[in-house]
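The next part holds the structures, each set out as structure tokens.
Presented sequentially are two complexes of chain A, the first with chain B as partner and the second with chain C.
Take a look at the complex of A and B:
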């Protein structure tokens, strides 16, 4: 039953986050904006359409959206949501978790290269560069959490393992939170790094790689993007709010409020900041890495006392 | 273990990283001011239970001198010399950031190997002061503009100050004031040098200074 509820939240909720971000941005721009459920309508519409494939592309291009979506969904199954245990958990699943995102990124890059378009190749090269920088920081962050909780699975870490860490090593957890937040923005190509709304090919990263996908494939990609935002957001707020009521209804309610707050925060950042120049983005990733490495060193020095 | 002191020290290191990473002189000076302000409050946290008059005095002197007067003076200097940006540092920003990260890691490892004769309230004070000192050195070595190098020197002085706070009880006030005065004089001298450079050659790039011939 708990597994079932976990899956329902995981499947149903993510597109709403994109709607909330859109509404926040519309509020700051003084517009009404698209309805809150716009992403669901888009997905529904796209699912009914057929895909168009270029003659130069082969099966990789067709398989990529499915592989991408299933990899991200598999990562979601490893992640505990609110007080629901993850349906699948084993020691060391945090390594698997990071590599599932790497797999999703890898197939997206392959599909982009497969189209033979030079723009998509450019996006693929950027995604690969930023990806390899963000992965180190992600691993370090998860290592810190694993060291603190003395557990090697995500469910073990987030369901109780971190409960007293905020009082003991609060500063380190702040570093982890900042680093994870930067990673969240990078991984989901949100504004200081990449503008999800722009269609100027010279500056895009993620959007430019999926220009050639259409119909059902595009629906998979849009849904995968929302799911990725949801999962990484869950990771972030599980680190921030370690307190649990041990009552599924209360926990889920609070969880949904927290993640909606996160979406509003992303919306505020998107409306108040300009996109960084492309050559500054590695510095941002580097600082996420440095935050996590300082935290890591402090934890190593202190032990997990 | 004092969580608040740890938080402050981590904040100080991060502000140091921001100083190292930014190329705009105005921003650098502002961040330096913030860093000095925060550093000035460290004695209050460290000697919370045994607060004495001279400890308060040293903190307030540090806050006023380095948090307000020095930034103001530096702002006056950059207005006077009309330098805004560090255009082409010897060591690029990415490399500087990585070097600083390596220095932070190195100072934590080094400090964990050292033993100290006095009891230290937090084991993060010494590594933080080491990493501030090394970041100051990196700034002095890696930047071309004289003002950036002055800021590097001040960051180094902040590191030394942090180290000296540990010895505040043992060390007479005179030595403490000596550090502050030394810092003040150093900046004044550098400022005069900077201004003279501008008046004579209309340039503050030390790179050019080494290639001058008659």
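Take a look at the complex of A and C:
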């Protein structure tokens, strides 16, 4: 039953986040904006549309959105949501979690190169570069969390393992949270790294890679994007709010409020910040990495003094 | 054991027969093929029979053969323990695959080159590599090691009319002998302490920490040259591209792994090393791993790229090995055990997928007659077999889930995380350094192979009109498909290879399986399979949904006459040219190239790679030709070894007068030496 509820939240909820972000941005722009459920309508519409395929592309182009979405979904299965344990958990699943995202990224890059367009090649190259850098910060953050919780599985870490850490090593967790938040922005290609609304030359990272996808394929990609935002958002939320009521209804309610709050925060950042110049992005990623290194050093000093 | 001996006997006899019949292509190929298959199957039976033994208790049952009578210095003493058997397994798989592939590959050279000798030498290479792996006597080991170098030299220099190939072969020979020198000293010191050259007697000796460290450094230098650790790797990116592809597969898949085997064997003999040895190995692993993958990224020649990526994978293997040694120094058996097992597993997996990649790169070059990535593109449609197999190899080498590379990288991560949990401050720092390095290696490897696969096989053909290439023949396809199947099987059902790796790790640590290993490793592996299966089911669901949404509602559409509406109401999928923002005159040369793809990463690491871009800026309203040249410097080759050898050359020119060339003078030197020795002894 719990597994079922976990899956329901995982499947149904993600597109709403994109709607909330859109609404927030519209508010800042002084507009009414699209309805909250716009992403669902978009998905439904895209499902009905026909696709256009390049003569250059192969089956990889068609398979990539599906592989990408299933890899992200499989990562979601490892992630505990609210007080629901992940359906599958084991020691070392945090490595698997990161590698599933790597798989999703790899196939997307291949699909982009499959079109033979230099725009998509450029996007693929940049995505791969930033992917390398964000992966190391991600690994270090997860190592810190594992070390604090003394557990090697995501469910172990987030359901109980971190409970008292805020009192003991609060500063470390703040650093981890900052680092994870930067990663969240990078991985989901949000401002200030990338602009999810356009694929103009200057913001050519993620959006340009999926330029040639249309119809059902695009629906899968949009849904995958929302799911990725949801899963990484859940990761961040679970680090910030470690307290649990041990009551599914209360926990889920609070969880939904929290993650909606996160979406609003992302919306505010997108409305108030400008995008960084492309050559500054690696510095942002390195700062995420450095935050986690500092956090790590603090733990070592605390634990062994 | 008897299987292995029969297998060696078949190979030896077959090689003689091949030489006798080398005039007739058919007979020699026939002999080669069937002797190879028979010998490999026997060898595999032998290795598997050892690895599958139900030996929960120690000592692990060994089969051995000792010939009566002594050679000068040593005796013929061979035995197969699980460690040897593990390496035999990958040796036989790979030499079977590469050998069959070789028959297909060499068809074109019939009559042009002496193929018979080449095939016979291939058999002999297998024989001496087996001997290296099973030798339990240092002298026998060294003799086999030396023969292995020399035979592989002849195989590498198959295209011996090419100046570059001869030079590459020579560098290989020099590097290998420099390593041999260190090994000889190491075994002599060990032999002197044990007063026997047999490994089992050496392992009874308790070496002092200082001596153990010295021996370790010698082993590291000697085996490290073969394994291709980063400062000593310079022979590797030259020899691999120079050799025919199936020889490169053997070089990268097995020969380099024999270096790793040597290190592991020394660890089983000496056992207790000071902590800093493990840490040094870990640091070298990080250097080789990150350096190797960065150099791989900067290459645009497919086989050079693969050669550098071999260095990075050796780095990953050594990360496991280093973790094992550190764990052992801290007396944390679980850490040590998982570390060694991870190293062994990655050794096996790398042999398989790198073999596959080299073979498919070979058939790529065979078809297109070039290895330059910038000239290729769009070959996925033209060479479908090669393309799909290369894709499987790339996915495995990037360590992506569903393929075997992921399992071993996960195991290395697991060992390092175990290290983070169970070691003290110092150990935690180095383990987490390993985690970060492995994360970086994984990301960069994915970048590197996205580039290799994407630029070569996707997009459009870059040099002019597309023409039809001849796809690899059946002899070349079958072994590649075999390796690809192992890659996928090992990724989805990893339990077998992991258990074999455990057997090997048991030999290295000399201990039983640590408690809780099954809940720490084996159950998670089952869980991984479970998640992968769920992923596959989701994929199938999405594919069916997609099919449903895009399929024609046949009955309805025909009757109503509206020809192409799908079930969901959409039109047929449209096939058209890629949209390039309405630009009209697109040529295939305008695609993103390999160098432009890898530029962002190289720019980030420009200071360590000496990455430089030279370009002339076009001027005027009708600019003429311009060019762009980007280059990366291999630090150890260009800034260390080249000056070093230059200095040696200069020095030896000064000492030239000693070498007069007259025999009499040399006799005089001997006389002098004898007199000096005599005086020293009398004194």
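FYI, the second predicted complex is superposed on the first by the 302 of 305 C-alpha atoms of A that agree within 3 Å, B and C clash if a C-alpha of one lies under 4 Å from a C-alpha of the other, contacts with A are read in each partner's own complex, and residues count from 1 in each chain.
Keep in mind that, in the parts below, a residue touches a chain if its C-beta (ideal position, glycine included) is under 8 Å from a C-beta of that chain, and two chains touch if they have at least 3 such contacts.
Owing to the predicted nature of the structure, the values given are computational and were not obtained by experimental measurement.
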item	value
First (chain B), second (chain C), both or neither touched by A:265	neither
Chain touching more of chain A, residue-wise (chain B, chain C)	C
Touching partner for A:282 - first (chain B), second (chain C), both, neither	both
Chain B versus chain C as contact partner of A:240, first or second or both or neither	neither
Touched partner set for A:168, first chain B, second chain C, both or neither	first
Which of chain B and chain C A:7 touches, first, second, both or neither	neither
Contacts of A:294 with chain B and chain C, given as first, second, both or neither	first
Which of chain B and chain C A:99 touches, first, second, both or neither	second
On chain A, positions contacted by chain B and by chain C	282
Interface residues, chain A side, partner chain C - complex	47-58, 60, 66-67, 69-71, 73-74, 77-78, 88-93, 95-96, 98-100, 102-103, 105-106, 109-110, 113-122, 124-126, 128-129, 131-133, 135-136, 138-140, 143, 146-147, 150, 152, 211-212, 215-217, 220, 282, 296, 300, 303-304
Residue numbers on chain C that touch chain A, as the complex places them	377-378, 380-381, 391, 395, 398-402, 406, 409-410, 413-414, 417, 420-421, 424-425, 428-429, 432, 435-436, 438-440, 442-444, 446-447, 450-451, 453-455, 458-460, 519-520, 523-524, 527-528, 530-532, 534-536, 538-539, 542-543, 545-546, 549-550, 566, 568-581, 588, 590-592, 596-601, 604
Touching residues (chain side chain A, partner chain B) in the complex	167-172, 174-175, 282-283, 286-287, 289-291, 293-294, 297-298, 301-302, 305
Residue ranges of chain B touching chain A (in the complex, touch as defined)	1, 3, 6-7, 9-10, 13-14, 17, 21, 93-94, 97-98, 100-101, 104-105, 108-109, 112, 123-124, 127
